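Next, two complexes with chain A in common: one pairs it with chain B, the other with chain C.
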Partner chain A sequence: MATPLLSVRNLRTVFGTMQGEVTAVDDVSFDVVPGEVLGIVGESGSGKSVTALSIMGLLPQPPGRVAGGEILFEGRDLLKMPKRELRELRGAAIGMIFQEPMTSLNPVFTIGDQISETIRVHERIGAQAARGRAIEMLMKVGIPSPERRVDDYPHQLSGGMRQRVMIAMALSCSPKLLLADEPTTALDVTIQAQILDLLRDLQQEFHMAIVIITHNMGVIAEFADRVAVMYAGRIAEQGPVEQIFDAPAHPYTIGLLSSTPDMISEVPRLRTIPGTLPSLYELPSGCRFAPRCSRRIDACETGRPAMRAVAADHQAACIRLDEQVRA
Partner chain B sequence: MTADARPLLKVERLTKHFPVTAGFLVHREVGRVRAVDDVSFHIGRGETLGLVGESGCGKSTTGRLVLRLIEPTSGSVEIEGHDVLTMTPAELREMRKGMQIVFQDPYSSLNPRMTVEEIILEPLYVQGEKPGPEMTRRARKLLETVGLSPNHIVRYPHEFSGGQRQRIGIARALAPQPRFIVCDEAVSALDVSVQAQVVNLLQDLQEEFKLSYLFIAHDLGVVKHISDRVAVMYLGKIVEQADKHTLYATPRHPYTQALLSSIPVPNPKLRRPRVRLTGDVPSALSPPTGCRFHTRCPHATDICKRDEPPVVTLAVGHTVACHHVATIPVIAPLGIQSASG
Partner chain C sequence: MSATSVADGDVALERPRRTPFWRTSNFRRLIRHKSFMIGLVLFSFVMILAIFAPWIAPSDPNRTAIRLRFRAPDWDWVLLLGTDNLGRNILSRVVFGAQLSLAIGFGVVVMNAVFGVLLGAVAGYFRKLDGPLMRLADALMAFPAILLAIGIAAALGPSAWTAVIALSVVYVPRTARIVRASVLVVREMEFVQAARAAGAGHWRIISKHVMPNCMAPLIVQLSFIFAYAVLSEAVLSFLGLGAPPSLPSWGIMINEGRTYIREATWLTVVPGCTIAITVLGLNLMGDGLRDVLDPRLKIEQG
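Up next is the complex of A and B:
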């Protein structure tokens, strides 16, 4: 494996609340190599978005706080970096797009101004040249007649077009890493396909790495190279996409995949995972999936399950891996 | 599909135009949102019709029109042979015992000040039933039917998770013993692992009570799983209707082809044709002339801009509204080989 571009080591993020401190992300580790797409998938409360915010240093603090671990970007720990340096890195070497393109753009500035501002914060470049770059970026993300659209305000654009503008802004300084938090969740299916195609083309062109966060197994299957499955603040399983879908090892991944109707195989009934996601206030001790797991044994309830190798570059946090008969 | 010859629900040429008004004291009509335009379908006893489409296509409005929760501009809705649209309020209330709805948002669709018992029994009180021990027994029975503990009747909605609340919403819909339920994005707000539980519950209840569903959703995977037949809407029109196997294997309308080819499938090995649409859905305020899809259609010609396409029947139960359906190549957007099953 190549030297990682981003290496998250034992990340722990907590939130202070009225009922005490809760751990939203607990001992999460993963690597992203240059030019690769890592998908982070999970249901609500799994900690996937908090992981992204922690990497970007955009946690609302308080109540949020990174309580432990390292976030190494090209070998340097973002958590120990002075604020000024971090600001220089963000937007230049690391870009980010969010779920909600309505609220991520400033309604009182034209989209051209907003893209130019991003460029001028990071590069010594004149207003006229920055505007030219903004038009070029808008053309790259497929906005028709960009030289006219550059003077539009966000409200003049549709949801899909706004997400394109967000992508133009995030990519305007050719980042090495793009963090995409549910970038297509608010969009209709036909628009989602356009945006994913666009991201894939740009990823090839800029040879950037992408961390995409989603709850949609279909998006993971079609877009990611590797995937990390999160459950209740921890990574349950990670590995290459084809392997995870072909031979999932963690009972949660197995359950998640078989409860997603896939449109191709026909089953009379969906397999389900009994129970509901645990509240962060009352997390089970031991394996957090144990109360819902069909393979639970007493030992699951004591001690946290360690990440164990399933195959090359494929790990799962389950103490019963060895005994499992793969379905 | 059911063998029953007479459908439970028959909807013909259903249309709803919302007026758009302007002006301060005097409201002038300045336009019309053609939310639902000339929509026809039927649902048999014990059958599920899936209604899919992107946001703003009119699928939720259709569900509400069928129950007459909003008044249609024109068209007809017949349930068991009775015309819903000409009923007096008293007749309508009586008829509503037979037709219920489950809403999308399990948070805003339950009154936070009412106990679960009051929520579940409210439709019966509206029908004139009086509270008493017999009614409490019914509430407990209903909770058990939807997989919750009967002892939960004294609790309030905030004490439940999203999936449990959706079960309460289903129990409320079941209370008057309906034959027909509109499920309006009933599982869309739920996480996958919980969604599967509620989908299974809906299927069990259908079996047990011989229910018919109009299942409105944007998730094409869930719709395929639960439906017998599927109708696809685009800008207020049904563009294609077929049994689910045919529709998902070899859709014939260019919009259905693009929709199914766009949906991400949880199978990384799948190789399939890519049909991509350009542009966005036009506004329903001024929909395109002729075929409403022509602005985004890769096969559009002059006739599409001019004339509304006729509804063509390709096979029994398979209808398509497209001028060029005979010449558009048949593709398998999901890589499913044949339409058997």
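Up next is the complex of A and C:
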């Protein structure tokens, strides 16, 4: 395995609230090697987005705060980096795209201005040259007649087009890592597929690593190389996509996969996982999935299950792992 | 790749010219807005008086002619608005007074546009500074506006600058409030976070992403502030705290004419009317701007 580009070690992110501090991300660790696509999947509120915001240093502070761990990007800890340097990394070495393309662009400037602006924050480059680069980027993200579109305002574009512009903006300085926080959730299914194809092509072209956050297992299957499944602020299982889909080890992953519709089997009603995500105020003391788990035993409720290897580069946090693999 | 790539697309590298302002939809809506146009006509009238004062005025506004005192308005250019108790030409004094009023009003607007925006943006954007700055604004706003202005003007001594400073201290907190309110909304929008994710610094985010999206309420507010400033300047001058008596201020004219209000009404009525015209014009324009730029604030017409 190559040296990781991004290495998140024991990240803990907390939010101060009226009822005390809650831990939204608890002891999360993962690596991303250059050129790889890591998918982070989980239900709403499982800590996916907070993880991404922690990496970018964009947590709303207060109430949010990284309480522990380290985030190494090319060996340097982003959490200890001076703010100024972190700002120079953002947009240049690490790009980010957001869920809501309709509001992620500034309504009062043309899209060309906004892309040029991003370039000019990081590079000493003239207005004309930046404009040229903006047109080039728009062409790369598949916007037709970019030399005319560059002077359009965001309201003149559709949601899919705006997401393309967001991607153009995020990639305008050729980042090594792209964080995509639910990049397709707000789009139509057909547009979703187009955007994923586009990201896939651009990922090859720029040879960048992508961390894609989604709650859609289909997106993961189509797009990611490796996947981390998050539950209630912790990683339940992580490993290569094929392994996770073919031989999921954690009961939560198994549940997630069996509640995903497919086109082959005819089930009258989609299977679901009973119960809901526990409140962060009253987390179960042992395994956080235990109250909803069909395979729960008493031992599940005492002590946090450790991450254990299932196969090479595939770990899960479940104490009944051995039985399951055998079963 | 399309045929028009960047390399041969010199045309594309030129920015197209912006839509001229008289073809934008906002401008079209404004010129169709009746009360805005009435306000514009009234205000333009006062502006023309102010700009062409040296040519309109039949004489020096301070030249006295005791033998010609208390001449009633007449159908004659020189005596169109009559003379006052010292025989000074009221037409001259009114047009030079327009100059003074508008200059002070404009000064207050500029001070508000600079300091109100700065304080409002800082308070709204940097949450830690919000509390202290807004409590300071609360403290200033706790005083009745005119009382505070009188206090400051009295402390500084009468001059045109005094009026500008005193009125700015009164109105800047109000402008800052309004700017802060819009900044609080805009700063939470996703494009601000996107800009932060793209590595933009705080000041760049404020100036390029937040403030341009807060302009509508600010422009409306400034047009009303202009009106208040003209009115308050007249009040300060009336009380002898604004412009010094050597300047032909509308407030001073009313004060001086007050003694003769029974015998020579025109001494007070004429400057009173010009104040009313200016303030009415500015308020109508402000209403129009609000309807066009910030339709959410529109009051239902019943």
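In this text, the second predicted complex is superposed on the first by the 320 of 327 C-alpha atoms of A that agree within 3 Å, B and C clash if a C-alpha of one lies under 4 Å from a C-alpha of the other, contacts with A are read in each partner's own complex, and residues count from 1 in each chain.
Note that contacts are C-beta pairs under 8 Å (C-beta built on N, C-alpha and C of every residue); 3 or more make two chains touch, one makes a residue touch a chain.
All figures in this text were calculated on a predicted structure; none of them were measured in a lab.
*Asks:* Overlay done on chain A, so just call it for chain B and chain C: clash or fit.
*Replies:* fit
*Asks:* If you stack the two complexes on chain A, which partner ends up touching A:121: first (chain B), second (chain C), both, or neither?
*Replies:* A:121 sits against chain C, while chain B stays out of touch.
*Asks:* Of the partners chain B and chain C, which touch A:315 in the superposed model: first, second, both, neither?
*Replies:* neither
*Asks:* With the two complexes superposed on chain A, say which partner A:104 touches: chain B (first), chain C (second), both, or neither.
*Replies:* The answer is second: A:104 touches chain C but not chain B.
*Asks:* Who wins on chain A residues touched, chain B or chain C?
*Replies:* Counting contacted residues of chain A, the larger count belongs to B.
*Asks:* Which holds for A:49: it touches chain B only (first), chain C only (second), both, or neither?
*Replies:* neither
*Asks:* In the superposed arrangement, does A:90 touch chain B (first), chain C (second), both or neither?
*Replies:* Touch partner of A:90: chain C, not chain B.
*Asks:* If we overlay the two complexes on their shared chain A, which of chain B and chain C does A:215 touch? Say first, second, both or neither.
*Replies:* first
*Asks:* What is the contact status of A:135 with respect to chain B (first) and chain C (second): first, second, both, or neither?
*Replies:* In the superposition, A:135 contacts chain C only.
*Asks:* Taking the superposition as given, does A:196 touch the first partner, chain B, the second, chain C, both, or neither?
*Replies:* A:196: touches chain B, not chain C.
*Asks:* Looking at A:13, would you say it contacts chain B, chain C, both, or neither? Reply first, second, both or neither.
*Replies:* After superposing on A, A:13 lies clear of both chain B and chain C.
*Asks:* With both complexes overlaid on chain A, what's the closest CA-to-CA approach of chain B to chain C, in Å?
*Replies:* Scanning every C-alpha pair, the shortest chain B to chain C distance is 12 Å.
*Asks:* Could you please specify the touching residues of chain A with respect to chain B in the complex?
*Replies:* Per the touch definition, chain A meets chain B at residues 43-44, 158-161, 188-194, 196-197, 215-223, 241-242, 245-246, 255-257, 259-264, 266-267, 269-274, 276-277, 292.
*Asks:* Which part of chain A faces chain C closely enough to touch in the complex?
*Replies:* For chain A paired with chain C, touching residues are 56, 58, 87-92, 95-96, 98, 100, 103-109, 117-118, 121-122, 128, 131-132, 135-136, 139, 144-145, 147-148, 150-151, 166, 169-170.
*Asks:* Spell out the residues on chain C that touch chain A in their complex, using ranges where they run on.
*Replies:* My answer: residues 1-2, 4-6, 9, 11-13, 15-16, 189-191, 193-201, 204, 208-209, 212-213.
*Asks:* Help me check something: in the complex, which residues belonging to chain B touch chain A?
*Replies:* Going by the criterion above, the answer is residues 54-55, 161, 163-164, 191-197, 199-200, 203, 218, 220-222, 224-225, 248, 258-259, 261-270, 276-278, 280-281, 334-336, 341.
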